[in-house]
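Paired with subunit B in one complex and with subunit C in the other, subunit A is shared by the two complexes that follow.
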Partner chain A sequence: MHRRTLLVVLLAAALLVPPAADAQKPIKVGMPMPLSGPPALFGEPATKGAMMFVEEINARGGVLGRKLELITRDSKADANEAVRQARELILKDNVDFLVGTLTSAEGPAVSVVAKENKIVFIAPIPKTDQLTAPDKLHPYVFRVASTTTIEGRSAAEIVAKWPVKRVATMSFDYAYGQDVTKAFVEHLKKIKPSVEIVDQQWPKLGEQDYNPFINAQMAKKPEAVFSSIWGGFFVTYSKQARAVGMFDALKYHFIGVGEAATPETAKSMGADYPVGIWGNSYDAFYWGETQAHRSYVARLSRYLKDEYPSSWAIQGYIGMQFLAEAIKKAESTDSDKVAKALLGLTVETPVGPLTIREKDHQANRGQLYGKTVMDPKYPFAIMKPVTYVDPTKFMD
Partner chain B sequence: MRRVPWAPLVVVAALLVPAVGSRFYTFLANDVIIWALFATSLNLLVGYTGLVSFGHAAYFGIGAYTTGILMKKLGVPFLLAFPAAGVLAGAFALLFGLFCVRLTRIYFAMLTLAFAQIVWAICFKWNEVTGGEQGMPEVPYPDLAWMGALPLVRDLRTSDHFYLVTVVLVALCLWILHRVVRSPFGRMLTTIRENAERAEFIGVHVRRYELAAFVLAGAFAGLAGGLFGIFNRGVFPDFAYWTKSSEVLIMTLLGGMGTFYGPSVGALALILLNQQIVSYTEYWPFVLGTILVVLLFGFPGGLGGALELLGRRLWRPRRA
Partner chain C sequence: MFLFLIAAGLSLIFGVLRVLNFAHGTFYMLGAYATYQLVQWMGVSGGRFWLTALGGALVVAALGGLIERFLFRRLYGKDELYQLLFTYALALILSDAAKMLWGTQQKSVSRPPELTGALHVFGAIIPHYNLFIILLGPAIALAFWVVLQRTRVGRYIRAAALDRETLGALGVNVDALYTWVFVLASFLGGLGGALISPMRATTPGMDTEVIVEAFVVVVIGGLGSFWGTFLGALIYGQVLSFGILFFPRFSIFAVFALMAAVLIVRPWGLLGRPLR
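== the complex of A and B ==
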């Protein structure tokens, strides 16, 4: 009896409380991101970076007086799942914007959902050129990640300086792997025509056993290998490659794009890391170029409670930063207005000023490159010297 | 006491969803309805013929890619691309079925799985045609401009128009399947399920009947796939992956293989449960496993069987 009265009172109270006015309602941002399996090695910290940004901006009063609310979903690094999650975020959770996706299969698939629902979508990680290619570009898709063209060409610039002629490639058989390898091969042949591509291996995304591919490749006697095996997959691949002595045979003429030299990959592998190879990363806590970057690393370190914070958080952070700045500039959360505001927008990010180009909605996001060495200061390999390769000259 | 005309009532209720529910409910209902057709097509094999297929997703995938490629790359209208999904999936079911029906029980199941994995591998690898790993996003909606001229549905969105088309097409497919299982042919399938040897003795060509059931089931799975590719706004190699086969098998089990509408109930239950539970916990497979265990021991007839039982208990006293 009492319980029933209480229920009735509660129900009545719930009905009587007026719905919050629009100005107080948070601005909802949906983030489909791989949060399970090997891709989560990158997906989870990227989500954390976005969360940190949201916490910081909300502490300062939010955007246009409204708080940001981040709703994350596990996309399982699968295009089909990412599309499903994105549609549910829009239809069920009524998100105003989408920031997210990791793989180059997820990005373009979610881009279609954004286009159909007329919702701004900022891709912080997928690199495939197809995402912003002229036939796929639409007013609502933007990218603050690097591209396969930028990454492939940056790697080619480095490999061209090595004393090698016979080069082989190892990439996953899907958009990112195919596109970055193509960009690498084309640019390398252009700047160093004497190079010969002796072998190309294409394991499927998520391959667990690389031995058949490694053996077939080494049988062709390459002098250098370009790999774009990324995330937790690189850990598996390089351990297997090391076991058969591939890195020694190549005299460490190996470059791993797809962020093979991130602190977290190096950290997770510890003594198993093939120290001496070249690699890249979006960020590195030891980079410390500017005051803004040092402050960001310190905050992130506190937020993640990690002495050596992840390099992937930066992509989630920058993605949200661009969105927040665009909402401020547009003075609205209307996707059409925010999309217009994003064109040509320059934002002071922790890695320096970045600009989204008007013509292809692409930010001039470069990456850090370097040869890995052991540094007594850290219990894992780091890139030294580490150089930020500005992509502006490679972008077209 | 007259029989309640359940089927037309459900169809009418389904048609009303866009008018009364939100976009999200229409989305969910669309999902359920397509899966209902997929699960019912599998039940023709599992429930009616006693052939447990672990690779039914192959035909779903083939159907999805057929409609997707025809509509997106070749600009074929939906009116042709949709039946083509059934025809091609049926043709592949005939090809694979020729081998599968030669085996029985677990060997049959494993061979269906093997063929399904081959289909998946082809979808995954054949970049030029299927788009490979990244799949084929942006399958266009059928041209439903004519619906804009109809009263009542004029103001609905394209996705709602497509939903209405789905309801009508699935209802039609289910009606055909219902006719099939009630036909002498369907009765013969049940005979084979009960006792294949005895069926052989009375002169039934068992393999031929099994093959026919396999082709029919494949064709209807293909039709479901064709619809799903459009609904999903893209076709992905996952559609043919073994996890999809197991998902549809679970729906059939959950809903009950013993009844015609059981798998549809299973589709509804599984999708709604998934929706609800994943918003509370990430341990959805754990919950699903528990439900299945309880169901298999407590209600071997599945939800459909349980509902039927409940219905009989409720109706009988009044009849008397």
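== the complex of A and C ==
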């Protein structure tokens, strides 16, 4: 009885109140991200970056006069869980948009939910090419992350400049590891046909003991190694590789993609970092190329209360930034209109202008690359010189 | 070899207490975190690494003692399902507690400076630290064997594994004995984590990774059998290494295939004894 009364009242209110009141309601954005377990290492700062953006834009009056409201959910880095959370966000929380997911398993899975519900979905981190492949692409999915093609080819360009012929690879045996390694090998062979791939190792995702893999690989006498062992796993891998003198044997002709040179990883390893190798990162607080980036880092540093703020926050930040700009451009929160507005949209992000291509809904998001060195200014290794590799020429 | 340390604790708890301790991997993780914390305070140089590793293992052992005294005690003789649910819940709670204390960022411990060198053998390079672990494994195995076979306490422990009631009737304080067995097993788990920390990243989630490996080792060797666990750890390492050398993409499969084969032929493990 009570509930029905309430419903009637609500219905009446909805009918009576003119749309003007609707403008006061916040625009809801659902964010499924891994917030527990090892992937939380990236999911948490990415969520914080998005939260910081929301706080900042709301302080300036929001979008179209409405505040943004971010609703985060723990996707546990699991495709099924991410789908469940995305559905719940849409059905229960009535979110207008989805921004989120981290792994290459979650991204494509949530993309299907977005397609079913005709809701714009922006993926800030998953790199697998499959997310925006022609057969998976639909009007509502967008990506502001880099891709395995971009990352593999960027690394191949660097390795091609080294005086090496015998190259080996070390990657986890799953979508991301396989895709990025394939892109690297194919591009390297194309631009430097004299290169020979002497060995490829495929430890399982999350391997803890790399010694057998390293030994088997070094037995093939490679002159350079490409690795896509990411995050905390890189710490384990490189500690074990360093102990058996692998980096010395390679004369530091080693490149670690999968963000092996993030300030976070360097910081946690301190003097144990294999200084001299090449690596990449989405962001680095010491990059400081532009005023916009310096200002972003200063604000993030304050927001996270961290002197050396995370390099992952930027992805959540950019994801939200694209959404907000698209809503402004569309002058609507209707997903169809916002999806159209996102096509070809260029946004001035802290890492420079980025554009979402109409062809595959993919932003030209490159990464920072550099050779790691010890800098007396910091108690850990940094990339120096650190270069933003523009991916435009690597995108098919 | 460090896997042996962890599996030995797991096997010990099962052999004596008849509880499959799913939280054992979490003790290993806590050992690594505790060591990291002590290293942050004390550093690793001048032999202090060994103090921190021992300290880390002792902290975990103390925690294990408390857990046995106040929680585990209620589990003995209960249905296996309850035991498994409880230890699993314990693993989740402890790992979340670790996350609250140390956050999600990976942590790293340096190798002790006295063991940063490496040995060159037939073209292969074996870091001194790895060599130390390789030697430590059999040493601990031997020490345990001596304790179990030759001392009074060892006889009690073996007796408790066989018949708890009779031992109690003979005037032995079985409750205290169980607590000490659990403390010892936690110590082994914690020590495994402490000693591995210079070779790995210390992250949330390392507990569930290791518990699966430890279970494989224990199942191959025989649950509750000490030398079986030792043998299981050796076989696990060898199969994995040779698997990687010859069929890089199927090395994990080889290990589990071996486990399946052992389970079919000798369900109680290579050196275990059939239950009842």
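Note that the second predicted complex is superposed on the first by the 375 of 396 C-alpha atoms of A that agree within 3 Å, B and C clash if a C-alpha of one lies under 4 Å from a C-alpha of the other, contacts with A are read in each partner's own complex, and residues count from 1 in each chain.
Quick note on the criterion: a residue touches a chain if its C-beta (ideal position, glycine included) is under 8 Å from a C-beta of that chain, and two chains touch if they have at least 3 such contacts.
Remember, it's a predicted structure, so these values are computed and weren't measured experimentally.
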Superposition on subunit A - do subunit B and subunit C clash or fit: fit
Touching partner for A:213 - first (subunit B), second (subunit C), both, neither: second
If touched residues of subunit A are counted for subunit B and for subunit C, the larger one: C
Touching partner for A:245 - first (subunit B), second (subunit C), both, neither: second
Touching partner for A:173 - first (subunit B), second (subunit C), both, neither: both
First, second, both or neither for A:343, with subunit B first and subunit C second: neither
Touched partner set for A:41, first subunit B, second subunit C, both or neither: second
Partner chain(s) touched by A:233 [first = subunit B, second = subunit C, both, neither]: second
Contacts of A:71 with subunit B and subunit C, given as first, second, both or neither: neither
Touched partner set for A:197, first subunit B, second subunit C, both or neither: neither
Contacts of A:272 with subunit B and subunit C, given as first, second, both or neither: second
Least C-alpha distance (whole Å) that remains between subunit C and subunit B when both complexes are overlaid: 5
On subunit A, the residue positions that both subunit B and subunit C contact, one per complex: 173, 204
Subunit A partner contacts - residues on subunit B that touch it in the complex: 22-24, 27, 124-125, 127, 132-135, 137-138, 232-234, 236, 238-239, 282
Subunit A residues within the subunit B interface of the complex: 74, 78-81, 83-84, 87-88, 91-92, 104-105, 108-109, 111-113, 116, 128, 130, 172-175, 178, 204-205
Of subunit A, residues touching subunit C in the complex: 36-38, 40-41, 44, 173, 200-202, 204, 206, 208-209, 211-213, 215-216, 231-233, 235-236, 239-240, 243-245, 264-265, 268-272
Complex contact set, residues of subunit C against subunit A: 96, 99, 104-108, 110-111, 116, 118, 124-127, 129-130, 198-201, 203-206, 209-210, 213, 240-241, 244-245, 248-249, 251-252
